[in-house]
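Below are two complexes that have subunit A in common, paired first with subunit B and then with subunit C.
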Partner chain A sequence: MNRKGISLMLILLMAASMIFAQGGQDSDTIKFGGVWPLGDITGEQASKAAQVAVDEINANGGLLGKQVELIVIDSEFNPEKGAAAIERLATIDKVDFFVGVVSSGVHLGQIPTLKTYKKITMITGAASHLAEEAIGADQEWYFHLHPWDYNQGASYVEGWNAIAEKYSEISIGRWFLAYEEGAFGSASFEATKALFSDMEIDGEPFLSAAAGGGDYSAVLQRAKAYDPDVFIWAGYDADALPLLEQSKAIDFDPALFVGAPPGWPADFGESKLAEDVTLYGLWAPSLNEISEVSAKFYNGFIAKTGTEPATYFAPLGYAAIQIIAQAVEEAGTMDQDAIIAELKKIQYESPTGEVISFGPSNIISNQGIRNQKILQWQNGVQQVIWPFEQATSEPKYPFTPWSQR
Partner chain B sequence: MNKKNKSLALGFGILGIIIMILPFFAGPYARIIGRAVISYMILALSWDILIRSGQLSFGLAGLFGLGGYISVILTANFGIPGLLSIVLAGVIVGIVAAVIGAAVLRLRGMYFAITTMAFGEIFKIIMHNWKSVSGGPNGKILQGALFQGDSNLGYALMLILALLVILLSEYFKRSRYHFALTAIRDNEVTAKSGGINIYTTLVFTFVVTSMVQGIAGAANSQLIGFVSPESSFNANYTLIPLAMALLGGMYGTWGPVVGAVLLGVLGEFLKLYIPYGHLVVYGLIIILVLLFMPQGIVGLIKRYLFVDTGNDPLPEEKSATKKELSENE
Partner chain C sequence: MNKKIVGIVGLLAVIAYLIILYTIKPTAVIYGIQRAGIYAAVALPMALILGIVHIVNLAHGEMMMVGAYITYFISHSLGLDPLLAAIPTGIIMFFLGLLLFQVSIKHTLKAPELNQLILTFGVAMVLSQTVNLIATSQPRKLSLDYVSASASLGDISFGIYDFVFPLLALVFFAFLMLFLKKTRFGKAALAVGQNPRGAQIVGINVQLTYAVIFAIASMLVGIFGSFFLTKFSIFPAVGGAYTMKSFCLVAMAGIGNLPMVAVASLILGFAESSIMSIPHGASWAPMIFFVLIIVVIFSRSLKARG
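== the complex of A and B ==
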């Protein structure tokens, strides 16, 4: 073989050895291993918010006198890659804690690996009850921050009933759900039918702009003819503005116009179309007015990234680190059992405006947040309208007619 | 093949064996990444076998996902062991491909490509709505992943599958199918006048490559222990293998293999060292390579490292020539 051939092979072998190289363990550092989809705003912001928390902890002297490090790996929204990331963090980076995850599919792929290592794990996403079934009971090291799908559904019912009761002018008896025809939208429709079974419900699918669609005229005409009290669309952020544009074009302005995408387009609130749109979420910048922790998180995030947190996964990423850090401080040791015991007792005042503690859900022992919030865009700002104890504004009702905008 | 080319081929063969075996000694992380790379490699190879006929298929994700679903349903609903379900999934996907292929292989070029693109969506919609069997939008989980998640056995399974597909690809390269597929790609009229049954050849090739894709999907789903509409029919299972085959070089076995290893390992490398910018760099590299290396990496290696021996006959050509000579004698 000539020199060129030998050089090429050496380069290939060096590249392989660099990737799979064993990372040295520094005992003076406490390591968090985070796995999020970095190509998506949810994962990108959650991971950066987690770094904000790590920086804050280090600025305050670290944990147990040690510096804290966050190692982030992209899950690429791929279950196999998500599982490989956990393997790497456990065996090569030798992290002390796992945090992260957006997407139930990725989490399902990770669960067998997580069960192998049984390190303390704080999950920021994954709402599917299948993930809860896959984890199973008696996994004391497993902590789930994000509400499960049935928690979310129950909180919507509770929230809307509470709103209708408190504000007698608000009617919620007749619902129409426009849902993207993929897994997310269809599951939302099935869940809504089951949850609000004592009400009148109809619905129709549409092809999301995220999947190459974007024409909502048929479904909007159907909804207009149905004349619902509450119109909900379950799609993706790409649907938000065109769906509102087309609603305006056909003059469809139901009394309550609710959007339930996992994320919203950047600067959505700046559009006049956004006004009065109601949504679900765990956090909004308006919570800064009633929560010092929220304001601290918000300012820290902007200082570090130069952008505003646009998704509630950001405060969840931040909270995941802070909760474990608080438990480590309380335990005064890195002993896993002692930290788990502290986590089970924790009362963490979170940026989401509520005090987070852990307790049993349907299967697991350590479920954190159980309620989604109901929010509403008002003058370009997401305001919390339910739960009332965290409310930052009263609901605006009914939806302002398009002609008056 | 001259002496220099022989020693180079031997060197690359040894390097290939080292790279394939390396994950067994490099920990579970390397094995899971290796498993993912091999999944894509199998898809890239199967795609390449069909493209040798000039038929551009975008149906990889659909057939991959279908194989995964069939395998998991067979195990979860009917208690069929994982390994057997992978084989059965391959057979069932083959039958489905024969039915579909009989219809869509009457189409050519862009029409065939667009039709195959719909496979993923069609199968996804079926699995999505056939809730009682497939689990609907939530998908379906197995009680336990194949081999109880043992990464050595999982990697070994995928490695064996990859070796079988490499052999299959070489068979298509060295047998009469090579001439048939190349002739169809070059000029169908000439191929037909040469006695090639174009339709049968294409359907056969489509069925075989679809079975490979179905088996890859079945093995992948058994190893991760679940299927869901969004993850099993993900468009990445179409786009990444295509990029790998283009990067490595089309119309041969080693292009897709080299492309899969390089792009798979490079992607992981970039992800670890440039976490927030790796996709941009990854895309840029693919564009630059495709612009400046139209023959792919294997084409470049052949051009600069191997000695051009002109028209070295293929083994079958050699035997054909010998036969002709003996007949003439």
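== the complex of A and C ==
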């Protein structure tokens, strides 16, 4: 055979193998591509929870008679790696759906690539409205589960006002915010001032342990001198225990002690300093008492991983898979438009204790959860104290003085 | 004006400043001493390496981080208090330092300084990534009752545990001064630091001296890591900031000048606590650090010229 003939044969062979490979993939599996930071507890647990959902679906016969596969890539909290992961999942792994993300910064890096492929995408994190602006309107394939920052802020105002109204002894007129001096903390301070503009608010920055700091003595002394009704700190999980220890050391125990980090140390509840600390979140194990879906998710997660879900990113990872799976079943086809139509109609009873449906937010068409919950550490367990319809406990007020612990 | 008078005037000015500061903001003086203790304890081992081995160890903070993790796992698995676990940690870190020196550092002793910097930077990356793989990036902290011990001064309550850091710095300083001035090996190490070729001619094993000094510094910074764990959360990237602060303090003090490291730490500690005691001043604390560095470098270059 001459050179031309050999070349033609090779091209035909390659084309045939690609067609067969594609055909085999289509007939065998439905693929989800997940991108989370696996070195961090949020991403690690979200990816494991997503796998729990995939295992449940496969155990029940799969989707449309096909097995489901989850391919996870580590974003390492790096926007470039997060974007490269989407590229790889789309071109090499040829996934059908994208799920994942914890950080807004990583998501901002991914958005141009996501817009290239326009596959159905279910986002479990990324609260920044900048990400929403980057996505823009009319991207019908884009679904955002996690509340945007302005959704969270609005729910805090609603929640605290509701708590103060229901429990007359709880006073919320005077606030002090200790905030890490980076973008997250500064934005939280500005947002708090704007949201609670009819209240007395002061604040002071601190250098987070995550940025080489960890000494909160000055900011805590300032807060103590201010004598607030509500003390909130906005930093990272590395700040949680040292900040409480230093509060105890200077005998600063405000009536409401609130922490607003993105995640908590896994064993935080075991410390007696954690008692009565109030926090914001979307899920807590105590929801198992009032939600069968939460209990099913929780037990499945422990059975698979041998550890407890420690952050709300785990139920969001689980929910992301289950929501798409439910829509695929309803659509009865893998046609993207049909699945999007079903997603827009979905009423998914989620482990977070609420029925998730999608509707317009400020910019995008498909926003899922809008409310953060207000929770409180009580006897080592995070209890939901607001919304009242999902509450698992009454608020403990005031914060137990250090001298009585 | 001669040096002695300048020294006395400087000392009196510092005392006057501290008295005024104490009158206005007593906590600023207390926190200043505590911060200075942390800075001195972490910078002294780096000053030892720089003074004798003549290497800028950019893995210094990472060695502290490794020491803290070793203590964490010892304390977590054996239920041992981290302050007690500092003893086995120090021993492990001594041998880890020895191994690190033999495997990597000793091969760049005669190389250009840039190569040494790149090597130690590489070691820092390897250490932090290894810990990241083993322990993940999730912060860890032992909850210890005694860390919250407090005292009152009039209406002011403040933590007293942090005075453990100035004490630790004093112990490190006393140990190093006694070791270097009173022991045979220490005197030999000083000689190696001043003139390695001359020391070799008189029969001192220079390579062994470098190795042992590097190991001792690793041991001390590992012990500091154990104490660090009692107050702060630890995670793989926690050491980077302490490498930088240690290096700048050692640069301020002058190469290998241990007493001046303590003085530089006090200056930095009080400067930071003073600025932090002003409302909204906490953001300026890192700036103070760089301002001091610039002032010192500027005054040194002026002195060298004139």
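Heads up, the rule we're going with is that the second predicted complex is superposed on the first by the 379 of 405 C-alpha atoms of A that agree within 3 Å, B and C clash if a C-alpha of one lies under 4 Å from a C-alpha of the other, contacts with A are read in each partner's own complex, and residues count from 1 in each chain.
In this section, a contact is a pair of C-beta atoms (placed from the backbone, for glycine too) under 8 Å apart; a residue touches a chain by one contact, two chains touch by 3 or more.
Computed from a predicted model, the values in this text were never measured in an experiment.
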Subunit B versus subunit C as contact partner of A:E44, first or second or both or neither: both
Which of subunit B and subunit C A:K248 touches, first, second, both or neither: second
Contacts of A:D239 with subunit B and subunit C, given as first, second, both or neither: second
Which superposed partner A:A266 touches (first subunit B, second subunit C, both, neither): second
Touched partner set for A:N78, first subunit B, second subunit C, both or neither: first
First (subunit B), second (subunit C), both or neither touched by A:R370: neither
First (subunit B), second (subunit C), both or neither touched by A:G105: first
Contact breadth on subunit A, by residue count: subunit C or subunit B: B
Those residues of subunit A which subunit B touches in one complex and subunit C touches in the other: 39, 44, 181
Complex contacts: residues of subunit A adjacent to subunit B: 1-2, 4-6, 8-9, 12-13, 15-16, 18-20, 22, 38-39, 44, 47, 72-74, 76-81, 83-84, 87-88, 91-92, 104-106, 108-109, 112-113, 116, 128-130, 133-134, 181-184, 186-187, 190
Residues of subunit B defined as touching subunit A within the complex: 4, 7-8, 11-12, 15, 18-19, 22-23, 26-30, 32-33, 35-36, 39, 125, 128-129, 136-139, 141, 144-145, 149, 151, 220, 223-226, 228-231, 234, 236, 265-266, 268-269, 271-272, 275-276, 278-279, 301, 304-305
Residue ranges of subunit A touching subunit C (in the complex, touch as defined): 39-41, 44, 181, 204-207, 209-212, 214-215, 217-219, 221-222, 236-242, 245-246, 248-251, 265-266, 270-273, 402
Subunit C residues within the subunit A interface of the complex: 27, 31, 35, 132, 136-141, 143-144, 147-150, 156-161, 231-233, 235, 238, 240-242, 273, 276-277, 279-283, 285-286
